[in-house]
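Think of it as A, B, C and D in the order they're written, each chain with its own count starting at 1.
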């Protein structure tokens, strides 16, 4: 019952150069993000790291996962997924960020039982394990 | 139209228990789901009867406080996870969706069977938790109570986690089916509104349920290895758990109600012999509900310690979700205008739904209003509100759909007389049980109370008497439906005069749904064109 | 036949009209599955963001306790495995079936490398007591450090589980490829597992800087 | 002094208990507006429905639909926009009232509240008073409760004041009110917190400013009543009654009836005699010896009971033969 199975020939076959270029770009960006993180740009560090991560993720999505060649609906799914994730994140954060606006006593936690031992003089272990 | 009254159909095509357990036919899977959810409903219903019996008088009657707490938790968990969420989509949806679409099966039949077994696997975890020191946290598993209690939280959450995947896979299957298996001529706007509703439901199932999965997983991690993020003693935030939990569980409310709305659209057109009023408004309001449902979860947290700003935001968005629901109600109402209305049992369920769901909707406005929710939150008012929506809405619609498609599913007619009696009893009993609880709640009676002040006793007793009427209604239904399977008159292909595709095949349908592939050339409800 | 692999023909399931329809249905289903995977992981990311916002010190300190070198090595492993994965799929599409099998084996090996590095990392953390709160006995400047490690283990643990599942799937693909099931006419499972595998890579692309670098 | 809270069912309107704080009238007004508005709309929907159902029922003369009206944009838009406007009005109104409920006046008197399984502890930081399951406030003065929990989430709810707020462990939450009238009001816990949840109630007494001042200087214990009678009183006021019975029935904890002088089987397999020392220990370190068949859920009363009160409770237990 292999009726017109030749159909699958019509699939677009991605030229190898896209894959190689993506691969190289990902490696370069990884190196970049590691190097940048070794310098202290203050709060900018996380923004740079996230920007690079988003570029890397886009490359994987567009080329490795073939989103560049996909039709409308799959893109819509993807966009909605990201939107809902964004809503989840931003609404939850908006709660945490504005707690205590009415009365500061409502902010923060008290009396927690932390299992963390205070730091002594293990400066060496800080960087190496 | 195909006629094969004495021919083979999906029920008798193959025989033996193996032909059921290993079937890939969406209709048989739907029937097995139907059986499963009905058992779950019976179990949850018995829990409910026992709960109300305990509340007949203040003080101890049948159970200790702990047993009562376990009972209400099990009632909630069984009803939500085992019954309502899979009720319409997995049973009626599985059976009807491909047929209404004009497809031979769902897109992934093996996956469909797998979701059934995942459901049963998850359900067995839940059952196990009943017998291994039943969980007493309430179905919401709020931390830190759930991480501190010594009852079987882990097996119940694991069960719900697994059931979530059953739900995700069903939703995924339906979306792909609707996208890829529409036959020629079945354009988006020629789809019956039940399919639009199922589509919107599936979107929520796929995009919201995974958050429940991660929430429950983190809860299990919290309980076993103390990750700390939900545990205030370790610096975590229990309110964050509530955010996580309701990010799924509020959209889940729409997983429950949207398919019910889909059934209502089918019922009103068929029994009024009239095209739906405002097809596109009804269709798009389903999609609108699905999207807005993701934005409102914080209205469960108005008094939880959530920030005032976040509460304002969630209250605003909550009111927006009321609009598409209202649009649907108005459109159904006007659909009846100048129709030819007949009052068979499914239509009685439609009328009950209109009555009960409207009350559920209006009382939702009280709870969405910030200042009033402060008073009503976690009282019986909330209990009554969500029962009006979940039971008065979803369960009533489920029963309406069950009676509507019963002849199609089994090829047998049930007793119309007893169906009307039972519908009436359910309607009266339901209102007796739950309308009373609105008054109790507004007066200040908190929910999840094992014991209560003597002054609340008369109303509690009245509510309990109502459950007996309600229970009788369901008992009668069980009897006449089972009786119809053995002794019922054979059903014609189209007993109600419906126009959607399921009525164009035999009752029960053949294995591949249609003997002749149907041609679709016009609207699903075009009674004018059909000349009926 | 260029390769000495038998060709097993694929039969289109009865409810589909064409192989094309079947393929596109599978692909759509897979993307929906990936959507739910993303939202599944979103829980961990939300937890990360919230607690990073609440306890910035703990998260800055926590990142310093992790080895960025091992993290970077793992990133390279996953990127490389993603590359070999697409090449594996592509080779099957153009009927280079031996090459396809070799690429799949390479993917598997990179994944194994990832898990080995992960094991080294975990054992180091365990040694120093940087564990979720129940067993946490490490030292730190911030008293919320255990929260960082709670998130770290939840996130990397779930990701690691996904890698393990992916390895199982790839092994299964290798077996089926050797049997000759995949060729230019039929390679749906290859493509689907490929998509899954890239998602695992995608999650790591975010976890790596968030946990290891921005400390 | 009358200690029983006023009836929630007996006073107030059909729907709501009597409104007794300065903000509760706002809540009630909006409640009634929504209630009457919804009722009218609901009746309208049902009336139209019933009219259609009767008018267009299937008869031999009406075998098919008379006319197929299938869309009307004006109608659709009007029943989208009008409800939208209505709910937006309600939203803004509710939000404004909510802000009033949320923001305590700057000159509020502060009482610290601790929720525990299963009682409420009230501490007056300035006045130095400690109370259990009972709180006394002056009339006409804003009171701010700064609340926290020692175990799980509880919720502080006074129906007559229309205020409620969850009480979360390791965090502080606030609720405030200003009582209009004097009286005794019911306090509930409304966040499920376990076996004693429904017993976790307190009473809130509102006194006129002069009575309140008098109450402040009054000594907590009246010296002249016998110890066992004092113990009986404490059994109620210190929330022992939530978990223990005096009639032989088992509640969350074991009964006190016939307890004194008898042997008690413990969860660890041992058995002890219930003498004074055992009873005292069970109050200040309840989890040291847990009775067989019961969960170790009792909080410690160390610091909550004075020596004399412990002695009084022991005397009371002795009387329960």
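Brief remarks follow.
Heads up, the rule we're going with is that a contact is a pair of C-beta atoms (placed from the backbone, for glycine too) under 8 Å apart; a residue touches a chain by one contact, two chains touch by 3 or more.
Just so we're clear, the structure is a prediction, and the values are computed from it rather than from any experiment.
When every chain is reduced to the mean of its CA atoms, the largest separation from chain D belongs to C. Pairwise, the chains sharing the most contacting C-beta pairs are B-D. One simple way to say how far apart two chains are is to compare their mean CA positions; for chain C and chain D this gives 50 Å. With centres set at the average Cα position, the gap from chain B to chain D is 32 Å. Distance between chain centres (mean CA atoms), chain A to chain D: 45 Å.
Chain B and chain C, compared by their mean Cα positions, are separated by 35 Å. Multi-chain contact residues, meaning those touching two or more other chains, occur in chain A at positions 73, 80-81, 84, 88, 92, 96-97, 102, 106, 109, 112, 114-115. Among the residues of chain C, those touching two or more other chains are numbered 14, 28, 32, 35, 39, 42, 46, 50, 54, 133, 143-144, 146. Multi-chain contact residues of chain D (touching two or more other chains) are listed as 102, 170-171, 173. Chains touching one another, given as pairs, are A-B, A-C, A-D, B-C, B-D. Taken in their complex, chain B has these residues touching chain C: 103-109, 111, 168, 172-173, 175-176, 179-181, 206-211, 213-215, 217-218, 221, 224-229, 231, 234-237, 240, 244, 512. By the touch criterion given at the top, residues 179, 203, 207-208, 211, 232-235, 237, 239-240, 243, 247, 294-295, 297-298, 301, 305-310, 313-314 of chain B touch chain A in their complex. Chain contact summary for the complex, chain B toward chain D: residues 60, 64-66, 69, 136-138, 142, 144-145, 148-150, 232-233, 235, 238-239, 272-281, 303-305, 308, 311-312, 315-316, 319-320, 322-323, 326-327, 329-331, 333-334, 336-343, 351, 354-355, 358-359, 362-363, 365-366, 368-375, 377-379, 439, 442-453, 455-456, 459, 527-528, 531-532. Taken in their complex, chain C has these residues touching chain B: 13-16, 21, 24-26, 28-29, 32-33, 35-37, 39-44, 46-47, 50-51, 54-55, 131-135, 143-144, 146-147, 150-151, 153-154, 158.
If you check the complex, the residues on chain A that touch chain C are 1-11, 13-14, 16, 19-20, 22-23, 26-27, 30, 33-34, 37, 45-46, 49-50, 52-53, 56-57, 60-61, 63-65, 73-74, 77-78, 80-82, 84-85, 88-89, 92-93, 96-97, 112, 114-120, 122, 125-129.
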